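Take a look at this one; I'll ask things after.
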Amino acid sequence: MKNFNLRDFGADIWERSNRPVRVAIVIVVIGLVAMMPYAGAGFLATPIAAYDAVIVYPVAIFVLMSLGLNIVVGKSGMLDLGYVAFFAIGAYTMGFLGIHTSLNTWEIMPIGIGLAMLAGVMLGLPTLRLRGDYLAIVTLGFGEIIRIVALNVSWTNGPNGISGIPMPPDIGPLKFRLDDQKVFFWVVLAMILMTIWMIRRLSVRRPGRAWEAIRQDEDAAELMGVPTLKYKIWSFTLGAAVGGAAGVLYGSKNLFVAPEMFTLNVSILILACVVFGGIGNIWGVIVGGVILGYLPDRIRFISDARLLVFGLVLVVVMNFRPDGLLPRKKREKALVKKGANS
Amino acid sequence: MSKTLLKLENLTMKFGGVTALNEVNLEVKEGEILALIGPNGAGKTTVFNVITGVYQATSGSVLFDGHNLVGRKRFQITGLGVARTFQNIRLFGDMTTLENVITATDVHKKSGLVGSLFGTPRARREERENRTKALEILEFIGIDEYSDRLAKNLPYGVQRRLEIARAMGTTPKLLLLDEPAAGFNPQEKVELATTIKKVRDAGYTVLLIEHDMSLIMGISDRVAVLDFGTKIADDSPTVVQNDPRVIEAYLGVPADAS
Amino acid sequence: MNKKIKASAAIVAAFALSLGAFAATSASAATKTYTLAYQGPLSGGEASTGIDEQNGVKYAIKVFEAANPGYKINLVSVDDEGDPAVASKVAPGVGTNRKIIGLVGPAYSGATIASLPYYKAGNLTVISPSATRVSLTDPKSATVKSDYGRPIFHRVVATDDKQGPALAKFAIKGLTAPKVFVFDDQSSYAVPLRGYVEAALKKIVGASIVGSGDSVPNTTTDFSPTIAKIKTAGATVVIYTGYYSQAAVFIKQLRDSGSTAVFAGGDGVFNQEFAKLAGKSGENARLTGVAGLSDVDPKLEADFKAKMGVSSGVYAVESIDAANIFLSGILNGKTTRAAINKWVKSYSGKGLGGTSLKFNQHGDISEGGFAGFLVTGGKLVNQGAVV
Amino acid sequence: MFTVFIDQFWQLTISGIALGFIYVLIALGYTMVYGVLRMINFANSEIFMWGTFGAIVASRDLFRYNQTTEPATGGKLALVLFIQLFAAMAFAAVVSVIVELAAYRRLRARGTNRLATLISAIGMSMVLSETMRLMTDSRPVGSPRILEKVILTEVWGAQIRLDTLITIVAAGAIFIILERFVKLSRMGKAIRAVSMNEDAAKLMGINLNRVITVTFLVGGLATGAAGFFYVTVYEYTKFNIGFTMGLAAFTAAVVGGIGNIRGAFFGGVFLGLAEVYASAILGTQWKAVTIFIVLVLVLLFKPNGLFGEAVQQTRA
């Protein structure tokens, strides 16, 4: 019992299972998570904020963004403090195209993702040569620049923001409704699953190795033939793509975007989700996003002091679990099989 | 006479006011083991750093297999067939032994991120090829039993060997070994000497920095000596050993014990 | 005392359900409980605005409960931090919480726009004491039709397009050929207001706008570049459309730089705190705003202080007015969302300040203008309505 | 576009330098901690904010100054200002040491990843600013006017005001004292030794924990002094002022080359001027954008900041 650890426990079950059992586990887990909107009656209920809204935003969207940021910070070790920029680009793309064209959310989605990726490349090309804290401050600045530009140019409607953004069109029997946000939750869940799929795919193949090598020793990686700048930009761009996708959906869910929604605080909060849950570990990051997204609304009863409590929680958890709640630690045994079926 | 693989011409490297390398000329022939020796601070590792593109030479050229390496990106140089190990071990600690080597084998593969993401046939094939090749290399170096251990948890000697294996993963024509025997006991040194010879016999050319004279005498075809950034000797081991300038360089400046 | 009543009321209510006979014997305690909500920033950087407004609502409820024994009004505090992102998180819960039959707020226009879709979906009537953005009640608003809040949105405060001209007129009152410099604080309140002020100034013969203005992010404390612009432009009047705390910092720096230009600000600056923070430099500042509780009736202010333990803040009158409209509806038996909505739409009465409260079809009160105030001896002195 | 800039050039320059000197002192807090820990002390901005409150508490509660009190003169003025400065520095230094103990010490002892430390520091800055917010009811707090802001003279059309002059002279003096301390004192030498090579410093028998605590203390003193000048010049503070000032000062530290004390000086002055000039030319709303573009350009051409060379070499 002394060495019990949830991550290893879970991984053990996974390894002992054969393919059909694994498929079954995956389906059951996804099914259970998809039921989450129905679980709001009891202990989980959030005072004031509607539970079904809270699990879409912040919880699910935080998880999605944390997974995206984790590609940048966790996988390839670059500190990005301006992640909100890509979220904002996605949201504003949705806002602008949503009210000025007849495109719907799903048609705008690829455009938003594309623009976010473009911004990622444009920012990445000159700056990703910088290291560590310098990169952090430059990305931070980029996040602020996007917000300030949104505040000062006319097509974003300045500080008034863009309102009246259309909701996504119904998907068959699934109808998007304001007073019942289950469908939004399922859509974000699907996006989260796609992101997890993408990260897992890439992790065991060449890009994952390249990122891992860059994170651990960038010079050695380059000398072993890893085109580091290229993979850093890829990492940055994929992170941007996820952020942009989250932004598009957020715009369409929120029906309103304004510059004050995209402050540095969002970047920091998402980074906190990543580090808090367990940097580099998909499951840890998800746990981080869920807890940090959900907690402030759950503890609304302490009303005015909740940000204080939130800060204290960050300090305490980081001091006692510096690698996060579910840390990244490769298990040596596990890799034999994983390698075999990749 | 076999063909010249690497040729340094009048290579000069200055850091601010300090001249680390001064007009160094050096040739490495295909298939030989050339040892580069010299007292500490003589500029041996600087030679490696210039060849591999870590430093940009102040003047002079580095010709490798028909290409001038000066001004190329580091990963491109590796792609052309130059690979190195590090004096202070710089493995990817959180990766397994096997993954360390696979990371290096990626350099000649074509499939990129998109292929990997969607699992194109080529990407899948290349993953398989990489794996097979990496396992072969580990077996060749004799550390295949550790293939699934994390690099940071390996015994010291295995880490040193993994450095060589990882460099071999890039399929180099020229292998630069930076003090591969540092910290080894005599027994391990003998084993390492065997390995290096085996590597050469497998068709690799080796340029080696080393302090241990007996190891060098045992395996090198030729020895070049650097002192204060200048090449002072370049000949067969026995000749170099008796060269008065070399002796002076070593006695004049206390040699490092290792 | 209050607690005791609550407890006994609860007990009685419980008994009333199971033992009808018993309830009949204690008719006097047949408490009717209804729920209203207040929405505004109750935490975060803007919290003071929300807390002041909520105190107004609480005060109105206290007075109501004291005057009408047998009624118990619960107030749900909806904290949107003044932030539209937070508002869209809390609004769905309020929209679907059927217990809430009316909502005072939201305090800020951005948060209002983010919340409205959910309240429209739930047919929850809201009366805002302080959201002044024009588009909320303007069906023709070109870019943002969706901001239009009908049928649920109402407000008991005049809009920016009324304040803009008032502020412009009051700022240059009694000056010949004033050269006006206008700047804002980048906020969603200040930028549109600046637009209305400038539009009004252009129509006033003799007045001219000088310089290119400025937009100073509200985290700035060093105004020297703005002051340099004012001096270069040779402005004789400076109008700031932001909030009081920045205004106080600015006016000190302006005066210290030797400038004697007239300073004017809108209802964001209109706050006793401005006079306090600005000290001597704030003297003779011209502000437009709506009369506060102490202006309306000092006795009322004293009562407020006695009941709430703190002085009333800005928008206290509006908050109390808004709450009173709902409370009178409840007293008249309008206790569902639909009934309350009808009640508010057809409401006609007088507010504390004597303004007639009657909503037009867009949700605006027809009356209600801005008064001009002059900072004199550290106090905001009412100069009467600006016409 | 440039009329204001040309017309008011000297006035803007003086204002920029005064603002820059405040940045210098805050940047010093960032840069010193960075030197020994290789960490951005994210909480430094809040330490600054607490410093401003220290200055206000001293004048308001100790000397019973309020908004209507006449400004002090003569000896009393010097005394009040000195006590205010002392209080601001003491407040900030105490908070700074607390931050070190609560957010950094344990993590450093375990030698864990930098990001955990960063998040811990972010958590700590939330705690600091939220505590102050609750204590002040989210309201801005004005400082009574202690110093009459007389215009001493005009040079090339620029006003030399007393508070500007005091800020430049006194902040410059404090900077020099701290710089000398780090250069010459035993403790300062230990700090520099740790900055250059932590392991070697340990081997030389330097008590690392003590050095780090002293670094935070000194950094806090500098940052607190900045708080005092801020209050004296702007006569205002609020629980959330730390962020903007901290961000600018941090940028200044990076532009100058973080970890380098002289770099903090030039970076701070540079940033103060850049901010004021950009605001005058492009409009204050583009101030932050201009600064960041300048920052990116500086980093692209001098990747370690203008004075960052020394640090980079020891790190490589």
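Chains here go by letter, A, B, C and D, matching the order in which they are written, and residues are numbered from 1 within each.
Rule of thumb we're sticking to: a residue touches a chain if its C-beta (ideal position, glycine included) is under 8 Å from a C-beta of that chain, and two chains touch if they have at least 3 such contacts.
Here the structure is a predicted model, which means the values were calculated and not measured.
J.: List every chain that touches both subunit A and subunit B.
T.: Where subunit A and subunit B might share a partner, there is none at all.
J.: By Cα centroids, which chain is closest to the centre of the whole protein?
T.: Here the chain at the core of the arrangement is A.
J.: Where the centre means the average of the CA atoms, what chain is farthest from subunit C?
T.: Ranked by distance of C-alpha centres from subunit C, the top chain is B.
J.: In whole angstrom, what separates the CA-based centres of subunit A and subunit C?
T.: A distance of 37 Å separates the two centres.
J.: In whole angstrom, how far does the Cα centroid of subunit B sit from the Cα centroid of subunit D?
T.: Distance between chain centres: 48 Å.
J.: When the C-alpha atoms of subunit A and subunit D are each averaged to a single point, how far apart are the two points in Å?
T.: A distance of 34 Å separates the two centres.
J.: What positions in subunit A touch 2 or more of the other chains?
T.: 151-152, 304, 307
J.: Of all residues in subunit C, which are in touch with two or more distinct other chains?
T.: Subunit C, residues with two or more chain partners: 43-44, 47, 186, 215.
J.: Send over the residues of subunit D in touch with two or more other chains.
T.: In subunit D, 243, 285, 288 touch at least two other chains.
J.: Quick one: which chain pairs are touching?
T.: Contact pairs between chains: A-B, A-C, A-D, C-D.
J.: Please output the residues of subunit B touching subunit A within their complex, sorted ascending.
T.: 52, 54, 73-75, 78-79, 83-84, 86, 90-96, 98-99, 102-104, 106-109, 111-113, 116-117, 119, 123, 126-127, 131, 148-150, 153, 166-167, 169-170
J.: Given the complex with subunit C, which residues does subunit D contribute to the contact?
T.: Residues of subunit D touching subunit C: 3-4, 7-8, 11-12, 15-16, 19, 67-68, 133, 137-140, 142, 144-145, 149, 151, 159, 161, 163, 230, 234-236, 238-241, 243-244, 275-276, 279-280, 283-285, 287-288.
J.: In their complex, what parts of subunit A are in touch with subunit D?
T.: Its residues touching subunit D are 73, 79, 126-127, 129-130, 133-134, 136-138, 140-142, 144-145, 148-149, 151-152, 264, 268, 271-272, 275-276, 279, 304-305, 307-308, 310-315, 318-319, 322-324.
J.: Quick check on the complex: what are the subunit D residues that touch subunit A?
T.: Touching subunit A: residues 34, 40, 102-103, 106-107, 110, 112-113, 115-120, 122-127, 130-131, 134, 243, 247, 250-251, 254, 258, 285-286, 288-289, 291-293, 295-296, 299-300, 303-304 of subunit D.
J.: Please output the residues of subunit A touching subunit B within their complex, sorted ascending.
T.: So the residues of subunit A touching subunit B come out as 198, 201-202, 205-207, 209-210, 212-213, 216-217, 219-228, 231, 234, 238, 330, 332-333, 335-336, 339, 342.
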